[in-house]
Amino acid sequence: MAKIQPTADHLVVEPVSEEMTVSGIIIPDTATKEKPQKGKVIAVGPGRMGEDNNRIPIEVKEGDTILFKEWGGTKVKLDGKDLMIFREEDVLAILK
Amino acid sequence: MAKIQPTADHLVVEPVSEEMTVSGIIIPDTATKEKPQKGKVIAVGPGRMGEDNNRIPIEVKEGDTILFKEWGGTKVKLDGKDLMIFREEDVLAILK
Amino acid sequence: MAKIQPTADHLVVEPVSEEMTVSGIIIPDTATKEKPQKGKVIAVGPGRMGEDNNRIPIEVKEGDTILFKEWGGTKVKLDGKDLMIFREEDVLAILK
Amino acid sequence: MAKIQPTADHLVVEPVSEEMTVSGIIIPDTATKEKPQKGKVIAVGPGRMGEDNNRIPIEVKEGDTILFKEWGGTKVKLDGKDLMIFREEDVLAILK
Amino acid sequence: MAKIQPTADHLVVEPVSEEMTVSGIIIPDTATKEKPQKGKVIAVGPGRMGEDNNRIPIEVKEGDTILFKEWGGTKVKLDGKDLMIFREEDVLAILK
Amino acid sequence: MAKIQPTADHLVVEPVSEEMTVSGIIIPDTATKEKPQKGKVIAVGPGRMGEDNNRIPIEVKEGDTILFKEWGGTKVKLDGKDLMIFREEDVLAILK
Amino acid sequence: MAKIQPTADHLVVEPVSEEMTVSGIIIPDTATKEKPQKGKVIAVGPGRMGEDNNRIPIEVKEGDTILFKEWGGTKVKLDGKDLMIFREEDVLAILK
């Protein structure tokens, strides 16, 4: 299904609904400005280009389940699936 | 048709209408601030000049079909075609 | 309980209630904009990636009791515990 | 007519009216914030000085016809001609 | 009393009341936005980490009496004492 | 008259009135935010200090007639003359 | 009187009243946002620390009479004298 190749430090992520929670993490309905969301990494960019013309590698990889900040991304639809594209800096943690 | 040569990290892109969708991607009408758009890369700049006087190469190339953020660009008309010029940082992904 | 691996310079911290104060520090109810909070470090990211493609190590480590700025973080729930994820720059001091 | 020598990464440009369009490009009356304008480069600065005390060369050269963002420049009059001075970063593309 | 170890370029400072003035400096009640305050340095962080993974050393040291900008800090209470934590950049001068 | 030595990348400039126009340049009364002004360079600073502890040399020199942005400067009076002090980045061009 | 040692790129300056004008400079009552002020440098910091862990030297020295921007500083009183502390970047020129 790798029909979409993110550029630079972009990720393509499939949001995971709360019912699919694997490791018992439940994100509470908080009053904070930033609401984290859970998702599965579908595709990873090559990393942004540094000033020294080397790409800065991305920490997460395809298949990782991650927590990410909801507000930074862009929604797209691929083969009927709702996906999000956002930058690596919006990733908070990898769930294992 | 290469009558227009973008400078630095600018791209010239021909927006692709939804009817021309190749790989089944449909961009939904979302409520997010940023609406991605699909387009075909017509011309690519040499990359922006880094502090070390080397150009930072651009990841996308002529002919690529890309997703890009709509709000960053400038509209121009070339030989009757509606084109957009924007910076590489507005590109989200390459569609394959 | 290491089911959550923070990315880059993120920390996962369990806030410590005032009743659990160890070393006699009590954070007063001040009129300042920033209210510090006490917490125990549960997990530490690998550090953010510098321009030279090396990770910048994080000063605090798992198990440290820290003072941190409350306003920068994101709340998550893991195995029934209320945790916070924030960047290293929001840490003020380590309590010993 | 080289009586004006731009400094750093400034360019002196003579705006070209739509009637003088050479290559069939017509800039439409769009609703976007940024309206590109066409012009002929009259004079080019030596480039801005980088941190390493080397000048970063400018991509466009005297005589080039360019598309540029209208809002960044300063209007001056030289020998009866209306000219604009702006920074290289306001250039979008070279027309050939 | 070194139970608190500031991180990065943070300092822990005990504000000094005007009655304890040592060297005859009196900070007048001015109309300026920034009111400087006098304090004694209790603890000093290791310095912030530079891009080259070296810590940038801090100029003031434990025991120094300093003038600092009041508005940047965070108030904490340690063993009954009112202390402040702020970054080195908020220090104006060392009093000798 | 070199009684004033600008620091860093500051210039001391004597504004030139329109009646003294040498090369036929007349700056029109435009509706743009930035109004350029003409002046003669009286004194030039040594350049701002770069991160590598070398001064970045200034492009204009004493005696040059320049176009500069009016809004960035500070007015001073020296030996009865009205002068302006501003940074090199406010210079647009050298008139020859 | 060197009881105050400014840190980093701070200066301690004693403002000079207009009546004490040495070289005939009178700063007019202008309508500009920035009003320059004249002063004598009492003490100079070691310079701010650059990313390479070297201090960037300060251009002015003790005893210099300088023009500085009024709005950036902090007022303090030392041995009955009204002084100001501000950063080197607020200095416009040295008067000789």
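General observations
For clarity, chains are labelled A, B, C, D, E, F and G in written order, and residue numbers in each chain start from 1.
By our rule, a residue touches a chain if its C-beta (ideal position, glycine included) is under 8 Å from a C-beta of that chain, and two chains touch if they have at least 3 such contacts.
Given the structure is predicted, the values throughout are model-derived calculations rather than measurements.
Graph distance from subunit E to subunit G, where chains that touch are one step apart, equals 1.
Counted as hops between touching chains, the shortest connection from subunit B to subunit C is 2.
A rotation of 155° superposes the C-alpha trace of subunit A on that of subunit F, rounded to the nearest 5. In whole angstrom, the spacing between the mean C-alpha positions of subunit C and subunit G is 40.
Between the Cα centres of subunit A and subunit C there is a gap of 22 Å.
Counting partner chains per residue, subunit B shows two or more touched chains at residues 51-52.
Remark: ring traversal beginning at subunit A, heading first to subunit B, gives the chain order A, B, D, F, G, E, C. The residues of subunit A lying in touch with subunit C in their complex are 23-28, 30, 32, 34-36, 50-52, 54, 56-57, 59-60, 66-67, 69, 88-89, 91-96. Residues 2-8, 10, 12, 43, 45-46, 49, 51-53, 73-80, 82, 85 of subunit C touch subunit A in their complex.
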